[in-house]
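One chain, subunit A, appears in both complexes that follow, with subunit B as partner in the first and subunit C in the second.
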Partner chain A sequence: MTSTQAPTVRPDRAADPPAGDRPRPSARERGARLLAALFLAPTIVGIVVFTVVPIAGSVVLSLFHWNVIDSPRFAGTANYREAFTDSTVLVSFGNTLVFMVLAVVSQLLIALILALAVNGRMPVWLRSAFRSAFFFPLVLSAASISVVMKYLFNQDFGVVNWLLGLVGIAPVPWLTSENGAMAAVILVYVWQQFGFSFLLFVGGLNNIPKEMHEAASLDGATGLRKHLHVTLPLLSPTLLVASVVGIINALQVFEQPYVLTNGGPGDSTRTVVMVIYETAFEQLRFGTASAVGVLLFVLIMAVTAFQFRLSRRFVHYQ
Partner chain B sequence: MSQAFLTASRVRRSLAPSARVAALTVCALLTLGPVIWTVSTSLRTPAESFDLPPKIVPSSPTAEAYSGVFDQIDIWLLALNSTLVTALIALGQMVTAGLAGYAFARLDFRFKKALFALVLATMMVPLQVTIVPVFLVLKSISLTDTLLGLIVPAFPTAFGTFLMRQYFLGMPKDLGEAAMLDGAGPWRVFRSVYAPLAAPGLAIVGVLAFNYHWNEFFRPLILETSSQNYTLPLGLVSLQGNLGTGSISVVLAGVVLSMIPAVAVFVVGQRPLREGITSAGVNR
Partner chain C sequence: MHHFERRALLRYGAYGAGAAALAGTAASWDRLTGADIPGRNDGSLVVATLGSAFDQAAVRFLGEGFRELHPDIKLRVNAVQAVDWSDFFAKILTQIAAGTAPDLVYVATEGVQLFAQRLGVPLDRWVKRDAAELREYFSDVHPSLVESMMYEGSLYQLPVEFNAADIYLNRQVLRRAGADFPPPDWTRDDFTDLLRRMKRTSDSHFTPYFWTNRLWGGVVPWLFANGTNLLAESKAPGGDWLWDSFYPAGRRQGRGGGFRWTTPQVTDERVEEAYEYLASLIRDGLCTRPEGGNGNNLVGVFSTGRVGVTPAGGFWAGGLSLAGMKPTGYDVQYFPRWRTQRHQFGAAGYAMLRTSKRQDEAWEFIKYAARKDTLTRLFRANQTTPARRSMLTAERYRESGPKHWEAFYGTLDQFPDTGPIPAPPQVAGVEQVLLKHTGTALASPRSVRPALRRLQRDLEKTMERDA
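Presenting the complex of A and B:
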């Protein structure tokens, strides 16, 4: 994601004597080209076969009715019209957007607060212990951990409601009420993902030169004010990366709702990717599924482009 | 690691470091809580599974649930499938990304910029958008419901290629030039000068691939239909579905077993994993 230092100048070529021993460099050049072709073949062929062609395939499929068994029938824009009128599809886009906003905001806030706290004064071993703890959920399987979370969020015998009971909160019908289910899905997702933004922020904070803080302190800035006016602007490139990646990931949420609630109760936690999965692989409506997939892709692209536009105004590069 | 913040924090000493550490400890416990609960419940008798407050240290620890896992599902087969898939993908990605990354960093050829842009662009494409056509392609060559169908499409890695290109670009150019002056051809320069230096970069690619594919759920769910081809996450989710809430400790024992390799990699490879996750912000 950082800019590249593409070798536009080629010192090895430029260093050669201008003319004279032409045959040797060109033999070497041909060797290098052959080698490059061999080295690139697996990646380029793989990317073309498993990503580029399938994108085109998705677009084409989205224009047909097809259930694999019968031969495909041209559908024009029918699949898209269906996507825009089918209540399940519409609800799933709504759910996914709500999920995305709440999950990404809480993920970034928690990560930022914890990163600032961990960067305060403490023994080195303690700091690395905290860092490891916050990062740990990232290495677990979202699907398996959701199986565990289903027990923890059980209304009657789950640990979550027991903990809430300790501070006097009545049992919450997680998983069985519409809002409770969405909240549980968000909590489980954020629990697993915040460590990722946390790592980004810790790295970003380390890159802020200490002179900045010293200068700010000399000017009398302290605590929260210093963070608001000095740390945050300097951290804004990292904030941009964390929010872009956070949003892209959140728009693709699948495992947590699939395992925790299977989209329910009703359609209250059904996400776009769940709809793609169910439409294609349970109902065998590949055309409609592809249309929903293309719409998701467009949404992701649009959100990302919008963020980079916004960032031109708010991100400060040093 | 952060002299900057030692200095900076000296200024905000008013924040009371001990309160901050206490708050962080609570957060760390909340973060690790579900995992601690999973391990301890898997060691309790089924009758004690739902005890509240949860007994973190079981009163009479038992490995019953663990033998239960081996009786009730073929966890050896699941583990073998997961190991095969994950190891081959990690290895494959290290090879493809290492080679392509080197070509983009150190070799000259036509359309280099365009090809690299193509690779970068595919990093943005979500898996769910391509899965239907990929499924159909694999079906047409009878690779659905095989482990190979899970492995081969995961070989090319746009992010790994990007990472290895950066890695090779970071190596001093004079090394290769010196070898060329000694008459080494492009292959020799790669083989004996740069490739031996690539191990730490390849470790990042390998560890990331392991972390992602060991835990992967979406593709196996779609591609693998018969249970003898299930990987661990798929097997565990269906185990829970089959058993309902009765044998909770058995399900949890399975989850614990499936976590072991991931935790081992977390302990051994935390540094490359952290670097990989943060370097381009890709976490899927």
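Presenting the complex of A and C:
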């Protein structure tokens, strides 16, 4: 079989002609480059203004004491030292990591199972209805969902406990016990977020050639084995994207714990972004809040880099 | 060594010159702020109010009434929407950081000292100048409310409203329990007995006592009733210039220059007792857990008889009326006596910001906002308790109730030691650690002592911090 693709091996750099010996691009090429730069400019400006500058601003601010009212005072690494010794900050990192693992695993599992189910044999209208229903929570505001869920999960007056009471189950302290509160926050988050992974998986499943499954069937593979040895490896690039996006989102969770539990009981559901918000906007310690923000940024970058390193072993591209 | 061609050197030189020119141009510009947005900086006196405190018609009236009195002063009322005072202050501080500081901010007790210490202008010179005009106002306002707006001897706000934590009782639940309406001097034990009777005569979906974990109306009323506080309380010296001018000898006795809240004292025996009491109520199913109490659904569960009693201020008369509760469906009584019957309150008024360039105009607005005719029109819905005693009349509460509306101002008149919630300049941090550790302290009676030790440690750390 002949390939029409260009070779992926980079030519030896030594073979490149020196910069001065390169032929001058033609006027047409220069025009094309200028046009490309013009098209890219709005995106680049947007990224610089709304991403690069705020990140740089946070790093700079993390080196100062600033309370909005007075002028900033240089603090060196004091804010970082405070972040590393503040028990609330440390607990919030622990909570966030626990939340991330439980929420992302649940979200991916539920999304994958439902995507496989919806991708099975069923009328087109039913498939569309399911896709819409599973995606719908994602377009709702997390804060308003959380307000409603807070009513539903109320231990004394909530519908959830009322329904459980109908089948003889005693009221569950959903939002008033440490484990119950974390479980409720994860439930609400996963319910809202799995729609995104679900859509990715549905798209990924549609891209798997039918011949692969047919070949596996001819080789005697059954349903589960087919999914394990054919579907999952071929879906691994989609799984990688879903898990990277899921983990980044989960590490930045804010609305659900803020509205549902306000970080309680105690600190049991206080997340890193909640601590950043409280430190900055309630306690007016913008320097410390920025330092915590920078640490979270570093954590997200590290986790994402680790995922991509793992992907070299576990992700299969066709 | 790399050699540049003349052409390349010229090109890079041109790039450098261009970049330097751009940087120079940018550096020479004045810093753009939110005030540069067209329409923002139009010379108006800007007043920031808590959006949810007044309805739209009231905000409109506030502006129209002032313009009638002072047609030469341009006014813009900025109703900032916020869920609570902490959220409101965060938004105001963000405006200040953005360079769009208002001239006046509606500030409650929670923020009085923070604003006074960092942002506010003492009103002393204007109060002294217009003393004759203000005499009627001060004669109508309880000195405790005025004192709560003082900081280190100076007055920073004229209180226009307040709310003390009284006890609201559902009449239907009282009847169901076969209980009488409690007398004004009822005790903590009477209160507990009432909760037990209510529990016995109701189904499993009923909670006798509902409370919300916050600085106002949470644990603090119980601390006050037990003769203690979160932070050691004292009074700043000074303030005689005000008391001597406006209050007779009997009413100015013991007044100072405002409250000071300093050393945390939550490992105090009485604080522990108050927490243990609440923990025992939770254990016996007589009240909600701190995380379960949510003010948002309180009106619903109270008006439908799923809650028997709850602490609230005069603001709730309007809330219950709006929810359709009849005046005969509920009533209000003082907070029960424990070692004392001291009540806690929060008040609010307009604070003038140092950054204001229209301070004389701002003072005119402060006076206008404290006038009786202004407050009468503003507080028509009974959404709060007016700071002026003369406004609390049977006529005002005829339609909304409660029957014992005298209790609202009675918390000040009948109990001279009634005082503001502890709100030092570090109030945000204080409230945050209080809410957090109250949750763990009330997990069980055994959790109280270790949680209070942690609360003490965190409060000490918070109070050491510069506000």
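Keep in mind that, in the parts below, the second predicted complex is superposed on the first by the 261 of 318 C-alpha atoms of A that agree within 3 Å, B and C clash if a C-alpha of one lies under 4 Å from a C-alpha of the other, contacts with A are read in each partner's own complex, and residues count from 1 in each chain.
Convention: a contact is a pair of C-beta atoms (placed from the backbone, for glycine too) under 8 Å apart; a residue touches a chain by one contact, two chains touch by 3 or more.
Nothing here was measured: the structure is a model prediction, and the numbers come from that model.
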Look at A:136 in the shared chain and tell me whether it touches subunit B only, subunit C only, both, or neither; answer first, second, both or neither.
first
Looking at A:282 after the superposition, I want to know if it touches subunit B, subunit C, both of them or none. Which is it: first, second, both, neither?
second
Can A:181 be said to touch subunit B (first), subunit C (second), both, or neither?
second
Which chain makes contact with more of the residues of subunit A, subunit B or else subunit C?
B
Let me test your reading of the model: by the given contact rule, A:155 touches which partner, first (subunit B), second (subunit C), both or neither?
second
Have a look at where A:267 lands relative to subunit B and subunit C in the superposition and call it first, second, both or neither.
second
Quick one: classify A:119 as touching subunit B (first), subunit C (second), both or neither.
first
Touching A:109 in the superposition: subunit B (first), subunit C (second), both, neither?
neither
Once the shared chain is lined up, is A:241 touching subunit B (first), subunit C (second), both, or neither of them?
first
After superposition on the shared chain, which partner residues are touched by A:33: those of subunit B (first), subunit C (second), both, or neither?
first
Pick out the shared contact residues on subunit A: the ones touching subunit B in one complex and subunit C in the other.
68, 147, 150-151, 154, 157, 162, 281
Please output the residues of subunit A touching subunit C within their complex, sorted ascending.
20, 67-70, 147, 150-151, 154-157, 162, 165, 173, 175-176, 181, 261-267, 278, 281-285
Subunit A - residues contacting subunit B, complex
1, 4-7, 10-13, 15, 28-29, 31-33, 35-40, 42-47, 49-55, 57-58, 61, 68, 114, 117-122, 124, 126-127, 129-130, 132-145, 147-152, 154, 157, 159, 162, 191, 193, 195-196, 199-200, 203, 205-206, 208-210, 213-214, 217, 222-223, 226, 241-242, 244-245, 248-249, 251-252, 254-255, 259, 273, 276-277, 280-281, 286, 289-290, 293-294, 296-297, 300-301, 304
Per the touch rule, the subunit C residues reaching subunit A in their complex are 5, 86, 90, 93-94, 96-97, 118-119, 204-205, 207, 288-292, 294, 296-297, 301, 306, 428-429, 432, 435-437, 439-440, 443, 465-467
How about subunit B: which of its residues touch subunit A in the complex?
1-15, 17, 20-21, 23-24, 27-28, 31-35, 37-38, 50, 52-54, 95-97, 99-100, 102-105, 107-110, 113, 115-116, 118-119, 122, 124-137, 153, 155-158, 161, 165-166, 169, 173, 176-177, 180, 185-187, 190, 211, 214-218, 221-222, 232-234, 236-237, 240, 245, 248, 251-252, 255, 258-259, 262-263, 265-266, 270, 273-274, 277-278, 280-284
